[in-house]
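Next, two complexes with chain A in common: one pairs it with chain B, the other with chain C.
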Partner chain A sequence: MTLLTPFSKVPELNTATILLVEIEEQLQSKLADVIVHYENEFNVNVRLARKLPLPVENKESRPRIDLIVFIVNLLSERSLQSVESSLNHIHSDYFLGKVCFLVTDARCGSYTQDRLASVRKLAASHQCPVICAEHRTADGIHAAAARLLSILKMSAGMSPIPTTALYLSTLTRCSATSDLEED
Partner chain B sequence: MDEQTIFVLRRIFKKIPSRNIEDLLKNWNCLTADQLRALDYTRPKWTLVENIISFCEERRLNMKHITNLEMINRIENPDNDTWHSCQLVEPQDDALFVELTQFKEQLKAYLEGVIRHISIKIKKHEDEALWIRIAWGDNFSKPNHLKPTYVVHHLHTSYVFICNLMAKHKILLYQALVVSTKHGSIKDAHLSNRSLTAMRTLLLRHYQQVFPNNHSMILDEGNTYASHPCIEKEHAPHEERRDQLASEAFGDSPTPKLETAVYRLETRYRGNGKTTLSDKEELFRGVVKFSSTSLLHSLRHCVASGMVEGPVTPLLSAITQKGRNYFVITDKGPGVSS
Partner chain C sequence: MAELSNPIGLAPDQSGEADSTVSSASNRSLRLAEKEKKKSEADPFGLAVKYLSRVEAGTVVRGNDELERSLVVVETVALSNGLHPDVIRMLLDMALSLNAGTANCTRVLKFLIPATVVPQEAIVRGVSWLCVGKMPMNAQVFFVRWVLTVFDLIDCKDHLRSIYGFIFSFVTEENLCPFICHLLYLLTMREHVHPYRVRKLLDIQAKMGRQPFLTQLLALYKVFRPDLVTVSVPSRVRTGFKNYNAPWKVSLSAVQRKNKGAVLDEQSLSLDVKEKPLSRKRKLHHLEIPPLSSVFDSNSKGKVFGLQELRSFKQLLENIDNIELPAQMGSLLGSALSLHYLDCVQDESAFLRLNFWLGHSLQEEFLLCPVDGSSDNTSEACRFLSTILSSQQFLQESFSSTESFLYKFLSVWDGCLLRPQILDLLSDIPLMPSFYMRKLLFEPLKQLYFTSTVFFKCSVIECLNNMLVKWLTWHSVSVVKGGLDISLNSNSTMAMSLSGFMDSVMELVRFVGLLASEGLRLENCHVLLLNQTLAFYETVCDMFLKFSLPLIIMLPAGVFYPALFATESVSVDRLGYIMYRYRKNLTLAKRQEKQREQTFHISRNTYKEFNRNLQAMVNSMWNSSWCLPGSDLEIDKDLIALSKVAEPWCRFDLIHHPALFSYAIEFHQKAISLVTSSSYSPPSLVFAQGYNELLLDTQLDVTSQYHVEDHLTMLSLTLQAVHLLSFCCENTLDERMLHFALQTSLSVLTRESHRPLHIVGTRT
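Moving on to the complex of A and B:
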């Protein structure tokens, strides 16, 4: 099994790479468009994938990936299952602040609350942040892109402030499982 | 005009929405220009219909004109009833040389020879389709114009589309079609749908088909829309492959608007022996029905978007490949349905 590792490649100058993983391919291309047009301080490469592991053929041409974003559509069970299986193909170094979950459709329907709870448990057990996003409006996508970019800036070491992804992840990681269990 | 003609006329107008009446009357061309002008289409439908009936009486129209009106309406709105398709097989050597007049004469002669009271009307539509309206009677009663059978056939093709056919008339009509088109026999094509247009495009292969081809992959690469140079798709080749598979199985969009597909299961459960189902001797029977406003489009989307993994199962691709939407699945895979 080929694991995706964060430190096996040399980073490119002034460039950060973000990998968006979404099985249904609804949000990722819209989000990618916004991300590349939004950021103008440094170069952002966006890689789109449906699931992990990534195809071996692209291994050489693929740059170092600084942030992996799993997009979970709460209306679909399959989306969550695919993310769960994809998590096995990442090296544990990524969980030091280089993985985050983006959740959509959190306000729709009654099943979504259970799924949201399981996403949060999953995130908490992997020490990752969970971001809720609105994907039906342009504003929502802009907001999500801005938040992802600020995490990417940390994890790719682009931030002028002396802080690290590891330090940020201790602040942003999802730890809300205890209050969910009480409900 | 006698009582029955007026009754039939009323029944015809009952099924037509008010907004279509004006155009229909113009196409019918049986009322004078003055009469058409005198009709007020903003009035409630029943007063409008009463006016039309009184005009028809003035013009002394008979049942022939009325059936003509009904045919015009059916040809304009072919997607309002359930149609079944049949396939003519075993063509004779001269089947390709059947002419329109010859076909008409033979069909009429055969049916009139078998049933004394029958009304047959054949009309050729602009798109080369023959529309045949048959009102059945028997030796003692007059043709029933309230429930006519409609048959649509394109000469020199092997498919016939039939709507509203009663079981007792089936054998007569089938025989008449076989004789007049010079074929050996006719069989059910197992395709039925509300939209005649979709059935015709599917069976006569008038939709955009994609054939398995190694070169099409290269062509597709040129067509991919230009995205930002910083965005790269990891699964891009897979995506193209999926799209190709979907197009091969269900055609390029827009696909024919098929509404249902029915699979009748007569299979045995083959598990790994842990359940009691596999012990039973008798067959497992069930019906699986897929329905959608545009079934082929939905299936195509499922494959193209990657919701369904792997190659398309022959059970689904058979809908377009064999042009049918009713299957019986026996124990040895898809079999011939009864």
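Moving on to the complex of A and C:
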């Protein structure tokens, strides 16, 4: 099994690469569009995938991936399952602040709440942040893109101040939510 | 009223009476009476009504032509113009008594269309006929359906409510149950909810299953008395009550339309018949504040007073004991008078019902319903939240339902949707124990904060600052009242001890300290963020003096040093002010501690921390040595040497501080433009004179105050003067120029010093 590793390649100059993983390919391209057109101090490459592992053929030509974003659509069970299986194809180094979960339809009926709870649990056990997105409005996508970019900036080491992805992840990682559910 | 609305109803009776009483009067009136009589005889409707009112038990129905003819006459009039209240009373009585037979009972009910209102006595009598139990089931059902249809037209309902128990007894009838439940739903008041009624309904529910009408009624009972109804009522009852008005709908609305003008003048009934059965349901997926309307009729005499009738504050005061809460508690939010009422009402059920409604709307319509991309939806929610917000601000407390909604919403928030409203609502959150605060508030906020833009960070800090100010204000008010235990929210049961309160405040300040110092680092000491943070610490440093909370928390190094070495004068100035206020608070605390052996105790560490910070400030600005060994900020000499900055230790003193540089430049520009004319005097004299003038202008006496109190004040004053002078001396201005420069600088300075911007002393 080929693992995706964060530190095996030399980064390109002034360039950060973000990988959006979504099985249903609904939000992916819209989000990618916004990210690419967002004004940035550095170049941003967006890569799209339906699931991991990535195909072996262009492994060599693929740039170093600085941030993996798993997009989970809470309305579909399949989306969560595919993310769970994809997680196995990532090297553990990625979990030092280079993986993030993006959740859509978080406020859509009570039955998505259970699924949200399991996403949170998954994220908490992998020490990753969970970001909720209002993917139905342009504003929502824009906001989500901005937040992803701010994480990417840290995880790709583009930030001018001395900080690391690991450090940021100690501040943003999702905590276990068992106590929250009581209220 | 009778005279007004009545060419058809009372006329025959009146003329009849006139007939007998006036008989002895003059000829002329006799003639008139005769005329009247003729007229009434010519009026078939009058005759028909007269006949029908005389129908007694045992009248032959089959083949009775006169009865048939009368019914037809009345029917046509009823369907075209509606019937007068008295006629309705009479006909209803006749029909339900079955004097004209069973078949005619439903027939009469079918054309019982009121022209104006339905007298409640008629309904009460009808219910009594129901109790007699002679009527066949379908007639009973038909009668209740008719009552439901004309419910809004019943003139007042207090008698009807007083026979609530009788009506309730019919719920056991399986066929009647849905309709009776609906009627009860419309009639129920708080005092009607009793344990035995709840039990009965639960029994029926066990027998019939979860019928929507039963659930709906139980839900209403639960709103009134949550202590009695312990079963969980599903929050989403889609199908409440059905429409029963089919047989009357068309003719009723036609008659109503016809009479609408006249009726509206007379009384303020809502006559939109079509919407009537829906009036107590909300549209799904719509957040809106319903209009004020009463459950009961607006013109029930004297006893109760609907909120929608209030027009002035005076009226509210006069009727404050007789006010009836509206049908939908949400409508309270829309009107200022209702909020006044809500503010002083002691009845807990008002808040309970309001919270129930609000919680339900927020949860169902907003939290669990995604925006489908239309801006409509969002703007509706925006308006709704703004209304809640303004109501909360009016009442100066938050609703517990918005609070729990916010905790849920924070965990799914994208940090962008309705940001201003959400953050404003958040700042209204009342104090809670520190443990819950960490779990419910700080965790989700932290995750949002660190992944969002600098502007979001600023607004979060601002929101938390507002929150702190509100908490402290509550505290200072409750201290004035003399209670040590603070129950912050009048309708929450949570009372908090002073130590619990201090714990929570400490937790909040500590949390903002973390957000601010890390945020400043990540955002490279963004000016806006720094200033929001300093605004927060302006609140924190004054907690003891301003809000009499015996707690002083120093600002963390992560905020102190960025402010001290900031490149804009606002931040440096704010820091000076904050240090100055800290000192005031600490000296007062120390004095009180010595004098009165106060129970509270500010830890020595706080004093030490303050002294260390002050030392760092003085060292860097005054003594030109900002990186002394042993202080917080210690950098290896060789490392600094690598930067090749000349005299690095004095880069942050008064003369060279980058934040103050802008003043020097401004002065320099002005000076050059003013060099044209002047008299000559030696520079040292100018210096002394100028400096004294400056001090006089800011109303500080050099000799008495310099060594005593306001070291910081003096510091920042001298800072200005020395800075400017040194700038002049250092540069290549000739003496003549210097003189002018000084004069202008003084004028600039005195003008500037009245702004609360950069001289600490002027704020006191």
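Note that in this section the second predicted complex is superposed on the first by the 176 of 183 C-alpha atoms of A that agree within 3 Å, B and C clash if a C-alpha of one lies under 4 Å from a C-alpha of the other, contacts with A are read in each partner's own complex, and residues count from 1 in each chain.
Operating definition for what follows: a residue touches a chain if its C-beta (ideal position, glycine included) is under 8 Å from a C-beta of that chain, and two chains touch if they have at least 3 such contacts.
Note that this is a predicted model, so its numbers are computed, not measured.
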Chain B and chain C placed together on chain A: clash or fit? fit
Chain A contact check, chain B vs chain C, more residues touched by chain C
Discussion item. Which partner chains sit in contact with A:108 here, chain B, chain C, both or neither? Use first/second/both/neither.
Written reply: second
Once aligned on A, the angle formed at the Cα centre of chain A by those of chain B and chain C, in degrees rounded to the nearest 10, is 90
Exercise for review: Based on the superposed arrangement, let me know which partner A:161 touches: chain B (first), chain C (second), both, or neither?
Suggested key: second
One more residue to check, A:131. First (chain B), second (chain C), both or neither? second
Once superposed, chain B sits from chain C at a minimum Cα distance (Å) of 18
In the complex, chain C touches chain A at residues 366-373, 375, 378, 404, 407, 409, 411-417, 439-440, 443, 446-447, 450-453, 518, 521-522, 524
Counting only contacts in the complex, chain A reaches chain C at residues 103, 105-110, 116, 129-134, 136-137, 139-140, 142-144, 146-147, 150-151, 154, 159-161, 163, 168, 171-175, 177, 179-180, 183
The chain B residues in contact with chain A across the complex are 227-228, 230-235, 237-238, 305-307
Chain A residues touching chain B in their complex are 19, 23-25, 29, 32-33, 36-37, 43-50, 54-55, 57-58, 62, 78
